[in-house]
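Note that chain A is present in both complexes that follow, paired respectively with chain B and with chain C.
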Partner chain A sequence: MILDRLYKLYVYVMYFFILIPLIIIVGTSFTTSQYVTFPPEGFSLKWFVRVLTSYSWMFSFFLSAVIALVSMGIAILVSLPAAKALAKHRVTFLGRDVGVTLRTLFLSPIVIPMIVFGIGIAITLQTLGLYGTFPGLVIGHLIIVVPYVLRSLIVSFEGIPDSVEEAAITLGATPIKTFFKVTLPMAKSGLIAGSLFAFIWSFENVTVSIFLAVPGLTPLPIRMWGYLSEFADPSLCAVATIFIVVAFGVFLAIYRKMGKASMFAV
Partner chain B sequence: MVMPTERRKSSTLTVESLTKVFGNHTAVDEISFQTIPGEITAFLGPSGCGKTTTLRIIAGLESPTSGSVYIDGEQVNDVPAHRRDIGLVFQDYALFPHMTVRQNIEFGLKIKGLNQQEIQERLEKSLTQVNLAGKEDRYPQQLSGGEQQRVAVARTLVTQPRVLLFDEPLSNLDAKLRESTRLELHNLQRKLGITSIYVTHDQIEAFAIADKIMLMNKGKIDQFGTPEEIYASPRTAFAADFIGTSNILETTVRSVNQGICTLALKNGQMITGFAVGKASEVSPGDHLLVMIRTQKIRMTNTKPERGQVNILPGKCLYKVFLGDSTRCLLDAEGIRLTADCESECVTNVREGDVYVSFDVSAVVPVGRG
Partner chain C sequence: MGALTTRRAGALLLSPLLVCYAVAFIAPIVLLFITSFVVGRGYYQPGTSLTTEHYVHVFTDSFYQKVLLNTLAMGVYTTCLTLLLGYPLAYHHARASSKTKGLLTILVISPMFVSLVVRGYAWSIMLSDHGVVNNLLMWFGIINEPVRLLNTMKAVVVGMVNVMLPFMVLPISSAVESINPHIEESAYVLGAGKLYTFFKVIFPLSLPGVIAGTVMTFAITMSSFVMPALLGGPGFQVFGTIIYNRILLISNWPVGAAMAFILVAIVVLVMYFQERLLSVLTKRRRLT
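Let's look at the complex of A and B:
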């Protein structure tokens, strides 16, 4: 009994510490004062109005959304065949099985510090003449996002017994038809979860974007970063609140679609 | 027998010198056989003897290292699996979990491009055949193991394949269900007359369902024949040991005379058998392995009447009551024998000194020692 209560108390304290910054940010975004203060003074939506009518904030918001959507889309197209090959077939190079090597390589952006990739990508794009362009930003984000999509697809494909695909083939389906009618539908939840996570990772990324952003092409998190160092008015909190709502919405969508387990699968 | 009208004539499956090597392990070793149209052939053998691999090569899911597969005389080695028109019922059923029973069964028909009316007709017929009417909108996870198995069978049968392959289709069902499902499968196959291969490691199942048995051991065919032939005259010690329960004894031929051979057991005792099969080509001094089925051995306290051969003095070490029969472990002067006697006959036989006896015909030569 006592232990039970202590445990509950512990959980609530943890929740409190996790939630307190969020509470402060969301609370402050409704303040009437010119400064970031907590608890907020009064209640107003003026900071939201200011942000939502600001061209530069809205531009950055949509830029980030478009980058996230485009890199998510390309990541899916790139990852589908790669994941299928790595999960279901022997991949050889010069007669040696290189499946594990390739897998490690493709997933390495998850383990290598993002900032290292950021520098590398920036230099590469400079050489290619793509630095400071929209395609350049998408390429950068693709590298952040592909490992997440790839990993959740590999896990989903590996969960499909070979016999199910073979059954489709013995029933007359070509390998391509089998992929679209059996393999892909069975990997649907993994695909959706991986894609939504990819969207979030791209949307909120700072470490790679910071090397790629130029004036006129500034993703939302970078604009927030810059804004913080120059002005510190509550409009930043309003942006953050919108950010939280978007991220929370996406996670809720994943949860609704796939249930609890998928949150840990990626 | 009347063939259902919509079925074409049954096909012949021929396999020639089929070999499959994985790395340095030969899983299938020079297998050749031919089925009779409409019959069920069982691949029977211990786990790992190459049954599934052979089946997968026939289905086109695995390519042979060498050898050929023919259907109705036409070589199909280069025909990809999806165009072979061979049905395969998988051990784990391999149902499509994202499709209902109806969608699972319709899958092959839609792929074949049949019209909606024909699909509907075949679907309904097949649902009745496998007793699943009313369950067509369920998903596989909402069905019992037995029902899932029947969906797997129906899904394959509706496409009316030229050859039907079953890979241990009952091994995931409990014992009771296994027997009734086996009967249903047997009836269905008989009715449709589709040439079938049935893989199992269970001898009873193979005997119950098959017209022919292909007994396999270490990738090779050990013996091919009807269940009766294989049971009565196993041609190898492996066949004798694998099928039924038996004693295998090493003997030395003493004499062969007028179709009768006298054999010396390792303890010096003599037994007598008919000089048939492998024993028809032996001469004195040769070593011979013989099999005696456990059911053919009798055990008595008193010495059987004079004139009978094959009487050995021995000891009954212990008896295990199994119901109708009692299993007795015997020691005949250094030679261990297992006997399954009718319980009624041995209830009064005490453990200790006994006489062990068996007929001349019970001694079946199975190999050269």
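Let's look at the complex of A and C:
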């Protein structure tokens, strides 16, 4: 039927529309010209060479990676016990069950405009004397990554039947031993997926970082933002292509670990 | 284990996260809120006096009113277009076989993993006067000379729709997925046409997903500043770009903070209506 055909065509066009920015960037990064054009002219790796040998680009790249790794690590450490409490314990405050309220609070950074945190954290860090420091950037990124780690951990913990942990305790394991030997291994894939997500969200973040970055401590997306307004030559596309490759690597790792269902579990 | 020990354990287990949120979530929001009332241009420091003039200024000054209208227009255009374009895609995604669905999910969400700066830059290349879009339109003979796309609202909306599609497609897809395919089949068997079945059966049942996607899209679009700045040009001003400008370029913290809180208020209001709408919908379904 012609309607079905048209619908199929539409769907393909839309998938293409979603992907087109990535195609353009990767394509342009191999150009030989001095300015950005699409379709690109010729084929060369000179922009990659230029970027990979540039101290400032590489510094920003590694800075972003380290910020992402450290904030991911802290997020895991604080989220593991909290997710366990929220998924498996009754949390009360002054005799009232506050489990749901706390969960809403902890996950709310997902819906509150990030720009609010960006400015708020900048003020907080200035008050604490941590503005323009590495720990300051990590604190800022915590609020970006914790909700995602926490959410996937809560979902994983809730998927573990209480009877499994009870059996371990009945057989004489301490609660702590039960957690590390039984609960945590069963939640492993959720933990890995949540962490990789956290890494990516931190690595690509612009909105919070832009209010925290200072010269000399500029994460990769902010350096790209600054470069864009001054030069905008194809080296930006080369950086972006490397960025895309890294992001896709992490993404495929998540995907092979998880499949779609648990990636977007709420 | 008694009930008391588990309760204590709960509090103990939550305390590291609570400390993190106190520093990185509650303190920033409280300080930002106080800053929006500070006299002068600095951020809050103990001892500074407070005023509501920044809110009054933002609400009464014609410049800010224009910016607010522009922001709302960007939010509404983007949300409507994303819903219109995204729904058919979400339906296709939901009804795909489980094998292809994996690949399609990767396609839909992969751009989310690339920084907004990169995607904005790509669109600015495509939408420039001699970019791909203009060249294609001329090649097809739709236009004779390049039209100005970059630095207009059109460019911003195109870029934002591109960014927001995954946020719209995924919730709708999972809502459609949860509709039993037999319901659709029985509608056909009973003689309903495709379009009739869609509007009378599928669309109403997928409304929770539609509302979730719409609210998410609207909230994120309203507070965005990367796409508006890269694609709208210097003349295009929305809340996001003005906040960026006030804080980072002319360091007028109180006005930026007040604008940020107005954004939060709009988002909270929209989410409140979403909640109400959803509860009305579920109640009605229970009655019928």
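One rule holds in what follows: the second predicted complex is superposed on the first by the 257 of 266 C-alpha atoms of A that agree within 3 Å, B and C clash if a C-alpha of one lies under 4 Å from a C-alpha of the other, contacts with A are read in each partner's own complex, and residues count from 1 in each chain.
Keep this in mind: contacts are C-beta pairs under 8 Å (C-beta built on N, C-alpha and C of every residue); 3 or more make two chains touch, one makes a residue touch a chain.
This one's a predicted model, so the numbers in the text were calculated from it and none came from an experiment.
Chemist: For A:T127, select first, second, both or neither according to whether it touches chain B, chain C, the two together, or no partner.
Modeler: A:T127 sits against chain C, while chain B stays out of touch.
Chemist: Between chain B and chain C, pick out the one touching the greater number of residues of chain A.
Modeler: C
Chemist: Looking at A:R256, would you say it contacts chain B, chain C, both, or neither? Reply first, second, both or neither.
Modeler: neither
Chemist: Looking at the overlay, does A:P109 come into contact with chain B only (first), chain C only (second), both, or neither?
Modeler: Once the two structures are laid over each other on A, A:P109 reaches chain C alone.
Chemist: Is A:A173 contacted by the first partner chain B, the second partner chain C, both or neither?
Modeler: Once the two structures are laid over each other on A, A:A173 reaches chain B alone.
Chemist: For A:R5, decide between first (touching chain B), second (touching chain C), both and neither.
Modeler: Neither partner.
Chemist: What is the contact status of A:R96 with respect to chain B (first) and chain C (second): first, second, both, or neither?
Modeler: neither
Chemist: Share the list of chain A residues that count as touching for chain B in one structure and for chain C in the other.
Modeler: On chain A, the residues that contact chain B in one structure and chain C in the other are 175.
Chemist: Of all residues in chain A, which touch chain C in the complex?
Modeler: 3, 7, 10-11, 14-15, 17-22, 24-25, 28, 36-39, 74, 77-79, 81-82, 84-86, 89-92, 102, 105-106, 109, 111-117, 119-124, 126-127, 139-140, 142-143, 146, 150, 175, 200, 204-207, 210-211, 220-221, 224-225, 228, 232, 236-237, 240, 243-244, 247-248, 250-251, 255, 259-260, 263-264
Chemist: Which bits of chain B are touching chain A when the two form their complex?
Modeler: 59-61, 81-88, 90-92, 94-98, 107-108, 111-112, 155-156, 159
Chemist: Spell out the part of chain A that touches chain B in their complex, as residue ranges.
Modeler: Residues of chain A touching chain B: 161, 163-164, 166-175, 177, 181-182, 185-186, 188.
Chemist: Under the stated contact criterion, what part of chain C meets chain A in this complex?
Modeler: Contact set of chain C toward chain A: 1, 6-7, 9-14, 16-17, 19-21, 23-25, 27-29, 31-32, 35, 43-45, 85-86, 88-89, 92, 101-102, 104-108, 110-111, 113-119, 121-123, 125-126, 131-132, 162, 165-166, 170, 174, 194, 216, 219-220, 222-223, 225-226, 230, 240, 243-244, 247-248, 253, 256-257, 260-261, 263-264, 267, 271.
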